[in-house]
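Shared between the two complexes below is subunit A, which pairs with subunit B and subunit C, respectively.
After this line comes the complex of A and B, so read on.
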């Protein structure tokens, strides 16, 4: 501690006596705590306390008004055994997360490869493709609810214009297609973001690697496989991580607005089920338990992901 | 020769695919703007094309019916206040955590860093109860404080990394000259961290402006609702007057898109830098 102080303060410290250094260190400490305190307070009240409070509530039965009753593991047992809506919500959440992760990264990489070309007007395309990223989920959700509308929506009238009116279908209104319709919207909103991530990765690859490969007669596909993909590994790690994490925990807005979890729970995810259990049925304890299960699942998944991704080669960061 | 022809063909294909995807991202938004000027009948009969005339009446009615004025004021109050609190609290904390040496400094930083790993969505129920027990339910303050708290980890980590890269000499010189800690912070540190602050303002500002989940749970009172929440209420309330919906959505979307086009570089750099860091 004192040593660090001396090295960082070199010139100043050398002029001071030991006693004055002690006083200065004490003053620095007081100043340090004072500067951190407001942030710490905010963190403690609105982040840390709710986490612990949620754990406590999850072992109780509580409607938020009457007295809490301790029920042990019963809420967790209920989630695993008797609540079939939760099972469906968990399946949907996983499916949704995997689907959007694949979609966002495949389209993101494809678009990045295209917009990394040095051709005229490319900045216009980069801007146009990024626009949906700046829109809020509310705007995107409402917009696409109209686009999917089977009587007046853009997709339906497009199909009619092409003479394909038989293909018109209540995409959001039927259980077999609703989840996929929302997946498409989520990918639409974020593909431009992943494009920019991959573009940064592509631009960091030295051009002479490609030139050398061309001299060696490597085909475009071989160049992509042996240069582009391996060197994009660190950025791919981040890009997949963001999509996966978002797929599990940032799906409430879009689903709530577009389908409300329906029809018949076909788009129900853990977060929407959690909110209806808490605010429509007043099961705050059970709802908190579901929140914890989601939290733990995501934490474990991310850990496993980081490990396996980094084991498969020297990538990562 | 053959290679150049190949490259030209490749560029042609690239243009084609990019044009297709750009139509896919831009046309839906354009459709809303164009539709917002149409008469109701015109909208249903000519769903694709340009409006026959610029019919501003939709805007006047949508502005009133969706109470956009009130809701925009609420959004501005909430976003600006949350940003102000976040910036003050996180710059001071990041400064202390990155440049002062005192017992517990590493543990404190680790605490902020670790809080980044917790998805706030999963603790929304106890957060609701915390807000309720503080008597803040149905207030703008609930949104302001929870938004600021939610932005802490990102903001502190971003500023911390930036501050670590700044040399210590100017600060030491000011201290030797007899400046106190606050003066050093205000006159030496703050001007230096401006680029990092811009990143925080763009990312968190956009997030606060668009936030829906917490607003939905904390705020019932129509007079206190922010734009995203207000919009959904407006759309769920009335059925089927699409031209009004489109006008309301245009009012909300146009400023954001204009801001993005004007400040593209900051937006893109800020968002991606933030993501890579997180």
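After this line comes the complex of A and C, so read on.
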């Protein structure tokens, strides 16, 4: 009986303690939500609402002046079927993204390997190579548009000074070279940033691994392939991710300043086409639809890339 | 027992998680509702609450104002800084203040006139769109003729003022007024300088090389070859800017069709096509200027600054622009004398040379204007068209032409050259083309100049852009 009473008292005590804990937990939860509420409000106002509103607009015909008209999937169908400029812009965007991803990472890694050596004045070189990263796109775009200018530009003057007048070419004025000329500038601007990423990775690799490899008679190429590259894998993941993402969704400024999408749409990318559609032609709904198509493409690509990379990483282990 | 407790605990945990999610969702929804409630009116009616502007004024049955002194506040909205009164003057603010003070002094019912014109010309439609979305109230709209024709009239944001301006419309150049009219209805009055298109040339260089001003394509070709032999570029053109190429087409189409405005309107009505022989030939002729080396081959890399620099530094002997270039030339070209000549006559064409032009800026009445303010908006228009008032904000430029009769014009030699061109000026075609067609023309011309597409392919692209518009419901003139 006494034992039973004790058990009951224990149960009641536990219940009370549980209630107290529950009340405390609820209080903690409320306090937690209250603390994150301002951040959530900001998130809702500046991120969620525009995203959802953009999606809503993409199903409408709207010029920013008149009332919206619901058109269902028509904007999306138009992008796939009848807008040849969008098709060209999508191709250019893909080419641009792939090219700059390769360029930035290859050059970034090469520069990192060069400046990782302990030589006198290396800090100066590291700083100098990073300077383009700090320049704004407007400055870089205008600067390089002048450098490329076949009549007054630095490239033309240099070639003429070397007696290579025949090589002077309107790089930004030709459909076959304009996109690549912009790609080169984008790579030039950001290679220093990727260099810093890779440099951090290189400095984290233990020196004794290289020493052991040298003792084993490994060649420089073998050391690079078997030690440097595998150990840089996490950095490479980030570096490629940033470049690829930027190639798709941060290509507007430079192209707009250097070529405006021309000549004859040869450097048109989805973002420049979106802006033209929205603010020159007043097709805000169609522009939003293109934005969502770009978003979905990038999301799928990044997902595939992340899964492939991680799978490769596991296999490597 | 332990499993049961664990199960109960998991159920409780699950409920807790659901409650957390529900609370989170409720908070996000509340935030979004709050935002939606704070948001503007996007139903296209814009203009904000008409009760919030102006003041206690009424109009008597006989139409005479009974507004209380100092009760009317007029708001003028300009799409860009160029829409300000005396926009190009160094003392613009001072000029604007003097003009508006004069108006207020004559109309004691008016307390103030706010003239809000900011931003670059390229963003004028965007700025108007933003103001519209934000529900910004405006009594009047100061705007260039281009967006007025291509956007603002179509979007219904301007009021028909045909009858209102009848008492003073004789003060306005009829062709300039026509630029703010559609189907016999007037939507605004031009209060600006007037533009025409022209070639500028280096007079000293021409004299040095013994060259005469060309009047035909063949003569221009001969002149260009002589200039190039002397180590200069012939014609420099800002071909990087796609939007500038249609200027050339306006000239060539005028000559291949005999009536560029009529042909354009006919194409847009669907009676004729952009692929007709006259249109294709006009496109081809633009390309021929590049092919024959009259326009420098690197044109697609040249922007406005590059074009002007090449001319000012005497690297190029000629460039094609318009009267809007004159103030830049006056400020920056001091080492040599320059002149202007008309676009030359093209071979085997039926029409005479005609140049795109028209008034640069004007002022309109917003379709959302409060009834009580409309009388004063029209009074302001009347005031601005008085020659002595127009001289205050237009005469300061010593313009070559002005949309208001009686404004003091320039008597410089180059101005006299250009005044002779004005008789051959027709409406800019990009005030007639829908934006989609204009963009197709601009990029196609870039393609022709760069040898990327043929004139026939370009014409097909332009026609396709028009067909797409029609499929989307476009009807010219509606």
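Quick note on the criterion: the second predicted complex is superposed on the first by the 275 of 317 C-alpha atoms of A that agree within 3 Å, B and C clash if a C-alpha of one lies under 4 Å from a C-alpha of the other, contacts with A are read in each partner's own complex, and residues count from 1 in each chain.
Everything that follows uses one rule, which is that a residue touches a chain if its C-beta (ideal position, glycine included) is under 8 Å from a C-beta of that chain, and two chains touch if they have at least 3 such contacts.
From a predicted model like this one, the values you see are computed outputs, not experimental measurements.
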Which of subunit B and subunit C A:259 touches, first, second, both or neither: second
Which superposed partner A:282 touches (first subunit B, second subunit C, both, neither): second
Between subunit B and subunit C, more extensive residue contact with subunit A: B
Partner chain in contact with A:54 - subunit B first, subunit C second, else both or neither: first
First, second, both or neither for A:45, with subunit B first and subunit C second: both
First (subunit B), second (subunit C), both or neither touched by A:31: first
Contacts of A:174 with subunit B and subunit C, given as first, second, both or neither: second
Touched partner set for A:190, first subunit B, second subunit C, both or neither: neither
First (subunit B), second (subunit C), both or neither touched by A:198: neither
Which superposed partner A:292 touches (first subunit B, second subunit C, both, neither): first
Shared subunit A contacts, counted only where both subunit B and subunit C touch the same residue: 29, 33, 40, 43, 45, 48-49, 64, 152, 279
Touching residues on subunit C, where the partner in the complex is subunit A: 20, 23-24, 27-28, 31-32, 35-36, 42-46, 123, 125-126, 129, 132-133, 151, 155-157, 233, 239-242, 296-303, 306, 309-310, 315, 435-436, 439, 443-444, 446-447, 449-450, 452-453, 468
Contacting residues of subunit B [partner subunit A, same complex]: 10-11, 14-15, 17-19, 21-22, 24-29, 31-32, 43-44, 47-48, 85, 88-90, 92-93, 95-97, 100-103, 105, 108, 111-112, 115, 117-130, 132, 145-146, 148-150, 152, 156, 168, 172, 175-176, 181, 185, 206, 209-210, 212-213, 216-217, 228-229, 231-232, 235, 242, 245, 249, 252-253, 256-257, 260-261, 264, 267-268, 271-272, 275-276, 278
Subunit A to subunit C touching residues, read off their complex: 29, 33, 37, 40-41, 43-45, 48-49, 52, 63-68, 82, 145, 148-152, 170-175, 259-260, 262-266, 276, 279-282
Residues of subunit A touching subunit B in the complex: 1, 4-5, 8-9, 11-12, 25, 28-29, 31-33, 35-36, 38-40, 42-43, 45-51, 53-54, 57, 64, 111, 114-115, 117, 119, 124-125, 127-139, 142-144, 146-147, 152, 154, 157, 161, 188, 192-193, 196-197, 200, 235, 238, 242, 245, 248-250, 252-253, 256-257, 271, 274-275, 278-279, 284, 287-288, 291-292, 294-295, 298-299, 302
